[in-house]
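In what comes next, chain A is part of two complexes: it sits with chain B in the first one and with chain C in the second one.
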Partner chain A sequence: MGDSQYSFSLTTFSPSGKLVQIEHALTAVGSGQTSLGIKASNGVVIATEKKLPSILVDESSVHKIQSLTPNIGVVYSGMGPDFRVLVRKSRKQAEQYHRLYKEPIPVTQLVRETAAVMQEFTQSGGVRPFGVSLLVAGYDDKGPQLYQVDPSGSYFSWKASAMGKNVSNAKTFLEKRYVEEMELDDAVHTAILTLKEGFEGQISEKNIEIGIIGEKKEFRQY
Partner chain B sequence: MVGKNCFAIASDRRLGVQLQTIATDFQRISKIHDRLFIGLSGLATDSQTLYQRLVFRHKLYQLREERDMKPETFASLVSALLYEKRFGPYFCQPVIAGLSDEDKPFICTMDSIGAKELAKDFVVAGTAGESLYGACEAMFKPDMEPDELFETVSQALLSSVDRDCLSGWGGHVYIV
Partner chain C sequence: MSNSAIDVPSRGGFSFDLCRRNDMLAKKGVNLPSFRKTGTTIVGLIFQDGVILGADTRATEGPIVCDKNCEKIHYMAPNIYCCGAGTAADTEAVTDMVSSQLQLHRYHTGRESRVVTALTLLKKHLFNYQGYVQAALVLGGVDCTGPHLHTIYPHGSTDTLPFATMGSGSLAAMAMFESKYKEGLTKDEGIQLVVDAICSGIFNDLGSGSNVDVCVITKGHKEYLRNHLLPNPRTFVNAKGYSFPKKTEVLLTKITPLRERVEVVEGGDAMEE
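Entry: the complex of A and B
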């Protein structure tokens, strides 16, 4: 009750210690299309539903999974336009790192900088938080990695994670199916099965998107 | 100079202003981390400031990435920092020497605005540069063990600085 009086301004804490705008942003994420990621022993796979608003939309022009560098890819749940802006900023940061050190940016550093950008938008005047949660998948010297970044700017490393509409079912399914030393092909299989669990209608190669990163490569396929 | 799974970096010890010798024990080579050294020849004030800036950057890098910088990465960083001051440069030439994670030695030098010069055998910088090129070329052998490398580097350094009035007063040699 008292919280709603504090929901007009992002930069004001509510008496219960929450930033209500961020809660709302997480709700926006939770009503977005399901996406998930699984870290295998030799790579990472990320996948998402790609439900288009109408059959007239040209599905080959819609890319929900994007690459940030040749060896880091990202998928989201939530608002598409916010995602595009974040992808643009992250790509620029990755390139700046490369320009300075002539080395590809480690996944952790890129995630940290993206999360810092998202946090900025929770503490500035006149802006709103990003309405997306990101799953960043990458392969660098430390091996395969999977991170989730929330609208608040917090990030976590996961072995397997899901976000969006069907998150609790998907996570339960993943918990049951996840094996420590999973190979990449098994992980892809499990990812598709998990998506199928919550899928309304017929799953086909045209309405999901998958990104796979093996050693030092990122490529996409439907 | 590069040896077998090791490197040597050496400098003379004179600090002078044209013909006046100010110090005979000047440290020109500094450590960035256990496997990475940088020698900065040229204007002493610029080399001190540049060294401080590099240590600053490296410490932050260590804290953020939880590891030491690779020599190649460090060389790129030095090059970028020097080029930032393209139109008002630092008057120093760095010589960078380090061991990569697999114990492979890496050496490079740069001019004062950051043009990297990678080499597989030896790099030189400073007022006695030309005669150092000659001495190193004559004395270098590939795959030297640390002891032999030390001898070679010392002899090359001493014979070159003896021919240069602005260098001398002994040498510092680091073998890693």
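Entry: the complex of A and C
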């Protein structure tokens, strides 16, 4: 940040008060593959489509859902390489927090720090905003939590949310299907149904990815 | 950068400017205060299914025992543990730091950490600080390439051995190992030998004492036996407890409350911004 030739930010205000680069970043997110998350009473589930550009791609090497700590996982919509960079930074921050305070990082803290990184890139010289929105799912002593982080660096806590291509359909579906005090298994079921709604072609275990977090554990399944 | 009177190192790390001052003071007879060392007997050996590490539990500050039951076997990774001798702060900080780095490495690679990875991270750090980080370590673990045991010296050199001892009690412990170690020990024989070696250090070295900690690491499994043996129990505790006689008798108690003198000034000056 700032060690490039540019000392001025590329993200500048338009006369109407908008940051056009961030709007464009959100468009990039909106054309990415659908991902969604649902918070249940005893856990969180995140899921995403995993459509590969060709059948020749080794699908077992592609991991769209990553774990940041043993009890926090993340999924994205948008640009994969930007996601990798953010995951790396978040993991490092989580480790640093743990080294300093000797407690596992709370979900809100990690979300805050990741969002701060994303915001930095909208104000620093010579860099562009991240073209990803993240869904961070975690389980700590405050219970299960689901956060969405946008390219601008703003974050929101959701009971259920979707991002990417089919966002409006998916969100409507989720609004209808969401029940307070939903159990984790129902949430997984609902997540898969929601993905199926917007899916082009046959849904199978090889072209979706699911991450589930119950108490203090993060699983990944296909 | 503006002109400043103080020379700041351009990158992080230690600044050794004060070492010259300390040397000069030492020549004049003013010595550094002694720091908390672990005295210590730490051992490790490879047995047929993996690695066993052992340590005593005494921490000394010069001639005083400052911790009778400290933990010298540090966690590095689920399959790697490290015993530390030398300055307690140094061993703890360095093992903590490398443990953190190994965790990040595991996330990035998606694989179990290897013992040589921990070894290289540790020796790089220690060599970087040219021996000023006084940590002598016995690193052991089991990874995909098999069981490994290494010793790391404060200046950054390492050895790879089937059995190893470090610390002030290392000679006592090594005497036990040299006479009784053989290849292909079973787990119980291994634990017994480690316990014998540590006990030899506890009873024959002043810097080591109290209890024995043992850690057994095998493929996919570890057992941390904290205080596996307590050969120094506190046996003579006075059942009646201790009461100290009163020094002087109280003859008279008189309480004089101090009179308050408070002045209230109306409309004083506003506080400066």
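We take it that the second predicted complex is superposed on the first by the 211 of 222 C-alpha atoms of A that agree within 3 Å, B and C clash if a C-alpha of one lies under 4 Å from a C-alpha of the other, contacts with A are read in each partner's own complex, and residues count from 1 in each chain.
Just so we're on the same page, contacts are C-beta pairs under 8 Å (C-beta built on N, C-alpha and C of every residue); 3 or more make two chains touch, one makes a residue touch a chain.
All values derive from a computational prediction rather than experimental measurement.
In the superposition on chain A, A:215 makes contact with neither chain B nor chain C. Shared-chain residue A:99: touches chain B and chain C both. Of the two partner chains placed by superposition, A:183 touches none, neither chain B nor chain C.
In the superposed model, A:59 makes contact with neither chain B nor chain C. Contact with chain B, but none with chain C, is seen for A:109 once the two complexes are overlaid on the shared chain.
In the superposition on chain A, contact of A:88 is made with chain C only, not with chain B. Contact with neither chain B nor chain C is seen for A:205 once the two complexes are overlaid on the shared chain. In the superposition on chain A, A:67 contacts chain C only, with no contact to chain B. Under the contact criterion defined above, the residues of chain A that touch both chain B in one complex and chain C in the other are 99. Interface of chain A with chain C (complex): residues 67-68, 88, 91-92, 95-96, 98-99. By the touch rule above, chain A contacts chain B in their complex via residues 99-103, 106, 108-109, 112. Listed in rising order, the residues of chain B touching chain A in the complex are 64-65, 70, 72-73, 76-77, 80.
Considering their complex, residues 96-97, 100, 103-104, 107-108 of chain C touch chain A.
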